[in-house]
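Let me give you the structure first, and then I'll get to my questions.
Each chain carries a letter (A, B, C and D) given by its place in the written order, and its residues are counted from 1.
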Amino acid sequence: MNISVCHMSFRGFSSLAGIAATKKIVADGTLQQKVFAPYTIYKGKAALSASPTLPTFSKSDLGSLMVARKGVIMLTFFPAIGERKYDWGKKQIFALSATEVGALLNLGPDDSCEFFHDPSMRQSNAGEVRKSLSVKAHSDSSGYFMSLNVVNNVQKTNDRLTVPVTCAEFAVMRTAFSFALPHILGWNRYLDPQQTTINQRSSGNVAHFAESEWDR
Amino acid sequence: MNISVCHMSFRGFSSLAGIAATKKIVADGTLQQKVFAPYTIYKGKAALSASPTLPTFSKSDLGSLMVARKGVIMLTFFPAIGERKYDWGKKQIFALSATEVGALLNLGPDDSCEFFHDPSMRQSNAGEVRKSLSVKAHSDSSGYFMSLNVVNNVQKTNDRLTVPVTCAEFAVMRTAFSFALPHILGWNRYLDPQQTTINQRSSGNVAHFAESEWDR
Amino acid sequence: MNISVCHMSFRGFSSLAGIAATKKIVADGTLQQKVFAPYTIYKGKAALSASPTLPTFSKSDLGSLMVARKGVIMLTFFPAIGERKYDWGKKQIFALSATEVGALLNLGPDDSCEFFHDPSMRQSNAGEVRKSLSVKAHSDSSGYFMSLNVVNNVQKTNDRLTVPVTCAEFAVMRTAFSFALPHILGWNRYLDPQQTTINQRSSGNVAHFAESEWDR
Amino acid sequence: MNISVCHMSFRGFSSLAGIAATKKIVADGTLQQKVFAPYTIYKGKAALSASPTLPTFSKSDLGSLMVARKGVIMLTFFPAIGERKYDWGKKQIFALSATEVGALLNLGPDDSCEFFHDPSMRQSNAGEVRKSLSVKAHSDSSGYFMSLNVVNNVQKTNDRLTVPVTCAEFAVMRTAFSFALPHILGWNRYLDPQQTTINQRSSGNVAHFAESEWDR
């Protein structure tokens, strides 16, 4: 019988002084309510928060709904400034794409991976800020180190925030990310019951494939 | 070909005399209906019931929705008092946090873990009651022993309730806990279709990331 | 590189002459529509159909919602009576409980399991009909044999219907059963957004656990 | 510590000139909105897009809802015609059935599988077009080659489009396909809350199985 390192981890509380929630009026006039329900891991030197952001859609001239901005899982790192106190103002963010989420879901207990982002990619100021997120397995497979490194070549700053993540905390992220991933892609939009076509006439008992290549 | 120990397990029936269901009026005046649909495992010496509890939210002054109380998976142990009879009045509860649920989801067939709770943590009466939940793999990997130990230093009581859980029953918990975990975090609130922004104007065919670090 | 046996399997079509769909009026007067969307595997000697059945609920005197009848995954076996023709009238059914579904979800590629049901359990005619469902891994781990044996001691009949299930078909069942399991338990009832409590007053930034043992 | 090949992959942008979105009026008069939210992988020689298609239903004379056309996961391959430019007009499609999706969900890191489709199967022009989708693991288990081969014996054409898929991208597909599979089967229709029967009278505390073989 093995004893896995899954004992209850330290749980601190943050002083989130800097949050400014704003209401957003969406196109159809209804009020969209901002939600704060991140999964946050508080550790000694920094904390790590994760929450999903849905894609936005635009209506084409023909009336169809298309993804305008892809959804992400937003990771927010913020440094500790004392016992159970964290400085939200010094936060650094990293927006995981669907494929990067897939890489984390695929990560074995001894695996590691690293993602590189340039917030100004393909713009005139490309290369000014470089971000890298590194996820490294502990040597005893008991969890991972998640580190965000942000190099700002204009402000001449180099921030590194590292949070050790236990196997239990990573399992929460894995489960929550799996839940969120289809929504980040926008696939829930395909699967709304209102998307279902119901024909009034019975078509007999033989089931065909819907909109398949058989239509050609 | 191996024969796994997955045969239909003993299923008893409880005498749930002590349940007092109450209606709760939520802030907007609608009636919230209490639901009882736990997954319950009845064994010889005790029974174990599991059910999810959603987080509660509060509205900030700025109108955003924030988690006020975190959701949990509530485990309830109650002792047998005869053949297929259980004493609900002597129940002991243990509220699994999201990270503790993650530890159970992560548990291998030979792993074990233990969680410690003090219901009065950081209050004047801290330490009066100490609870520990232990999950220990059977030596033949055919399941787990789940034991709740409650030590009450004021009432001088020491209760231990143990339920053997088969691999099949643990698979039910794992599947149901995975389903519930994102809701316990409140992530379903992020992913409501009404949270979706739809722009009336087409933004062309190039998809961007929504609210990403690219905005900076 | 291994070649798994996942090539497109034979897909026949059944003559489902015996289906009698009925409308059911539920308590609140609305019309409940019967749905037929089983996952069906057609093989040479028999076919196997799987579909979920939700639990039913009753309202207690105190207004709370309680599970009255547990949900199941209903398996239906029916024999072939010619090429791509199946006799729905000779069907045999087996209702998988949540824990039996857990056993199938937990089944390894070399594992086997067997469930025994007596439809008249704890009634005067107990033992008249005995059903057993056996799931046996192929010796090369390429799938399972699923066999339903029904012995009727009154009618002196002994029916056995066997369907070979590929790894791909079993993966469909595993995925669909995982999706259905929380609904069969009734856990989706806990997680309806209308179950969410929203307090109008902000409770500050410190998140507590909802309805936890901390309340005691 | 192993380093898995999960670094951020090349992400190009397509010129999707050929999309013609159409509104569809469903039977009850409401407007069904076409959705475009595929998961697309852009690589050097071709791109691969995946999106789910719901089943369609028909109402029987007795009022029950039956699957008329089965749902699928539609894979669309289209060739590159320059740097980050793809020719949507030369696309080839392959509609994965539920069981084929199961085969992909079941695919191990060293496994391979192949599916064969004839869009005119069991029609007079059977055999005119033959499609095969091949999924082959990389020799180092770092991903798969997904190749669609379309042989048109009338037009005397033979198209092959191949997209290398990383482990991270395959994990996205696996997660999204798992999410979509129950909807493709139509099982979400069984599990709508409006399908729930609620009896006004309490049935006591003993839970039975709903519509089980126990009814016989």
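As a convention for this text, contacts are C-beta pairs under 8 Å (C-beta built on N, C-alpha and C of every residue); 3 or more make two chains touch, one makes a residue touch a chain.
These figures come from a predicted structure and were not determined experimentally.
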Query raised in the report: At the place where copies subunit C and subunit D touch, is the share of residue numbers found on both sides over half (same) or under half (different)?
Result: different
Report summary line: Most remote chain w.r.t. Subunit C, using mean C-alpha positions, is A
**Report entry** Mean-CA-position distance for subunit D and subunit B (Å)
**Finding:** 33
Query - subunit B-subunit C separation of Cα centroids, rounded to whole Å - result: 24
Query raised in the report: Residue numbers in subunit B touching 2 or more other chains?
Result: 55, 57, 60, 65-67, 97, 117, 189, 205, 207
Report summary line: Touching subunit D in the complex, subunit C uses residues 1-4, 6-9, 11, 20-24, 26-28, 30, 32-37, 39, 41, 51-61, 65-72, 74, 93-95, 97, 117, 119-121, 129, 131, 166-172, 175-176, 179-180, 183, 188-189, 192
Report task. Would you mind writing out the residues of subunit D in touch with subunit C in their complex? Result -> 55, 57, 60, 62-67, 97-103, 105-108, 110-117, 136-137, 139, 178, 181-182, 185-187, 189-191, 193-203, 205, 207-214, 216
